[in-house]
Amino acid sequence: MPVGPRPPDVAVAGFEGPLDLLLELVEEKRLDIFTVPLGELADEYLARVRAMDRLPADEVSAFLYIASRLVLLKARSLLPSLSPTAEEDEVDTEEELRLRLIEYATTKGRAAALGDRMRAGERAFHREGGTVELPPKGGDPDVLAAAWLKVLSLTRRTEEAVEVPGERYSVEQRTVEIEALIAEQPSATFATLLGDRPTLGYAIVTFIALLDLYRRLVIDITQDELFGEIRVERKVRRMEGLSE
Amino acid sequence: MTRSVIAAAVEAVLFVAEKPVSRAELAKTVGAGTKAVGEALAELDEWYQGTGLRLQHEDDDWQIVTAPEQAPFVATYLGADRLRLSTAALETLAVVAYRQPVTRAEVESIRGVNCDQTIYTLMSRRLIAELGRREAPGSPFEYGTTWEFLECFGLTSLGALPTVLSPDGVRSDEAVTN
Amino acid sequence: MTRSVIAAAVEAVLFVAEKPVSRAELAKTVGAGTKAVGEALAELDEWYQGTGLRLQHEDDDWQIVTAPEQAPFVATYLGADRLRLSTAALETLAVVAYRQPVTRAEVESIRGVNCDQTIYTLMSRRLIAELGRREAPGSPFEYGTTWEFLECFGLTSLGALPTVLSPDGVRSDEAVTN
């Protein structure tokens, strides 16, 4: 085992990343990765993200990206009139997400195959060639200096890599906060929810919390114009007994 | 049961070599053509089946190494450490191995997460290396696996990477060749 | 045409060993009796007839060497006017050269990998040597470069080692002087 600093490989709440979580849902439900409408997994995906205790700020955006795409796919399936704009069509199709998922599944299979080999320990060894009797000659000092530089750079990078961002927010906690706020006042804007000078992590967690509240029919979200203010409103509950 | 004169000479040179030797240099050293050396290498490769040795190559650089089945005994003798990698590092390694040359952005797009950490881990273990810069916006580094990678995983060449079926069971051939 | 299991294991161990190995140590390493190892050695000896390798022994210490007939090719390869070192050996040499006096543990902590083998190789090539023991727990050996190292690299003194800027461009002065 190498001595020296050992950078942690952070897995997010048991998942290697947002695609890993999505793949896990597909496999858990024994769905066919080639035919399952991915939008159907939106609710469960959000629920799993919400259940995660703490999300590292630097990985949250990746989870959010997948979550928002799933929500969009679900919305389209529920409301066929919500046809994709030409712009979205290029980058945001279900097919593209599916291909990424399939590629990731292949990568996981390959990683498992390499892992099996690693655990079996069946490696090769070479000779260092120590039996040579002739006095060495013809060394190049610049080559030696380059090797030293390489060693230095690898050491340095490992040291840097150990720093881990400290700031973390919980989606669950933020959801509770917003729900309490919206219970007191009927509406709020996204900007006020963010407060002054929010960090990226805080903004993303807030946004996921909103997506989740929206999914649970607690709030409505409206936006009157492109890039306009996003309004969050307490959803008017229908009388019990009436169908939706 | 004797082998060809060239094969014996190539074997002796590879035995004393401290690092992989190119076919061109082998040819020059033993005073034969590259084609004859190629045949000698094939002869050695076959000869080593079932022995404690095997022939490993990357592109056209060749080296004699120990057979992976003998790893436990050799590791005992050398006091060598077992390689250990996290799942995350293995995933990144799998992308680099099967898709090389590959940039960090490409690895991250396939895995869906930031890969700084795992790339550094793999580089400091000498399993992957920077190959050079890609001629593209931002001139990103391209990564590939190293000679140590082949050795650590007991692969005689990149062509010996395990074949893994993708979920549809057909797109198994996209490794390395693209 | 396969050889016995023990013979393959013995062959792999002798292949990586850079000095003669006693039959007792071979037996311990491969987990067999000395009699079985003796038979395996006889098997290897016969096997190597007509190949580029030979089994050589002095008393009961055994070693694989190149066949005498191949000496001209081996001499051609090794005699080429340049130093051949594996990447691993070159990196270890760089650490010793720029950080001497240095212990094995320090070299390993800097390189991040086990360095037993490369230190042995560099010592047998007389590029580095044990300087003495450090007054520290365990009294580890300290290593430094040799007179042959200076001659091999055409350096008049250690002060003539190329100056290396570290990656951040500031830690340029940690060579040799500390």
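Going by the order they are written in, the chains are A, B and C; count residues from 1 in each one.
By definition in this document, a residue touches a chain if its C-beta (ideal position, glycine included) is under 8 Å from a C-beta of that chain, and two chains touch if they have at least 3 such contacts.
Please read all numbers here as calculations on a predicted model, not as lab measurements.
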| item | value |
| --- | --- |
| Farthest chain (mean CA position) relative to subunit B | A |
| Most central chain, Cα average position | B |
| Chains linked by the largest number of contacting C-beta pairs | A-B |
| Whole-Å gap separating subunit B and subunit C, where each centre is the average of the chain's CA atoms | 22 |
| Centre-to-centre distance between subunit C and subunit A (centres being mean Cα positions), rounded to whole Å | 46 |
| Inter-chain centre distance, subunit A versus subunit B - centres from mean C-alpha coordinates, in Å | 32 |
| Subunit C residues counted as touching two or more neighbouring chains | 12, 15-16, 78, 84, 86-89, 112-114, 117, 121 |
| Subunit A: positions in contact with at least two other chains | 2, 125-129, 131-132, 154-155, 157-158 |
| Touch list for subunit C against partner subunit B, complex | 1-3, 7-13, 15-17, 21, 29-31, 47, 49-53, 64, 66-67, 69-70, 73-74, 76-78, 84-89, 112-114, 116-117, 121 |
| Residues on subunit A engaged by subunit C in the complex (per definition of touch) | 2-4, 125-132, 134-145, 147-158 |
| Interfacial residue positions of subunit C with respect to subunit A in the complex | 12, 15-16, 18-19, 63, 65, 78-84, 86-91, 93-95, 97-98, 105, 108-114, 117-118, 120-121, 124-127, 148-149, 151-155, 160-168, 171, 175 |
| Contacting residues of subunit A [partner subunit B, same complex] | 1-2, 7-12, 16-20, 33-34, 58-59, 62, 66, 100, 102-115, 117-118, 121-129, 131-132, 154-155, 157-158, 161 |
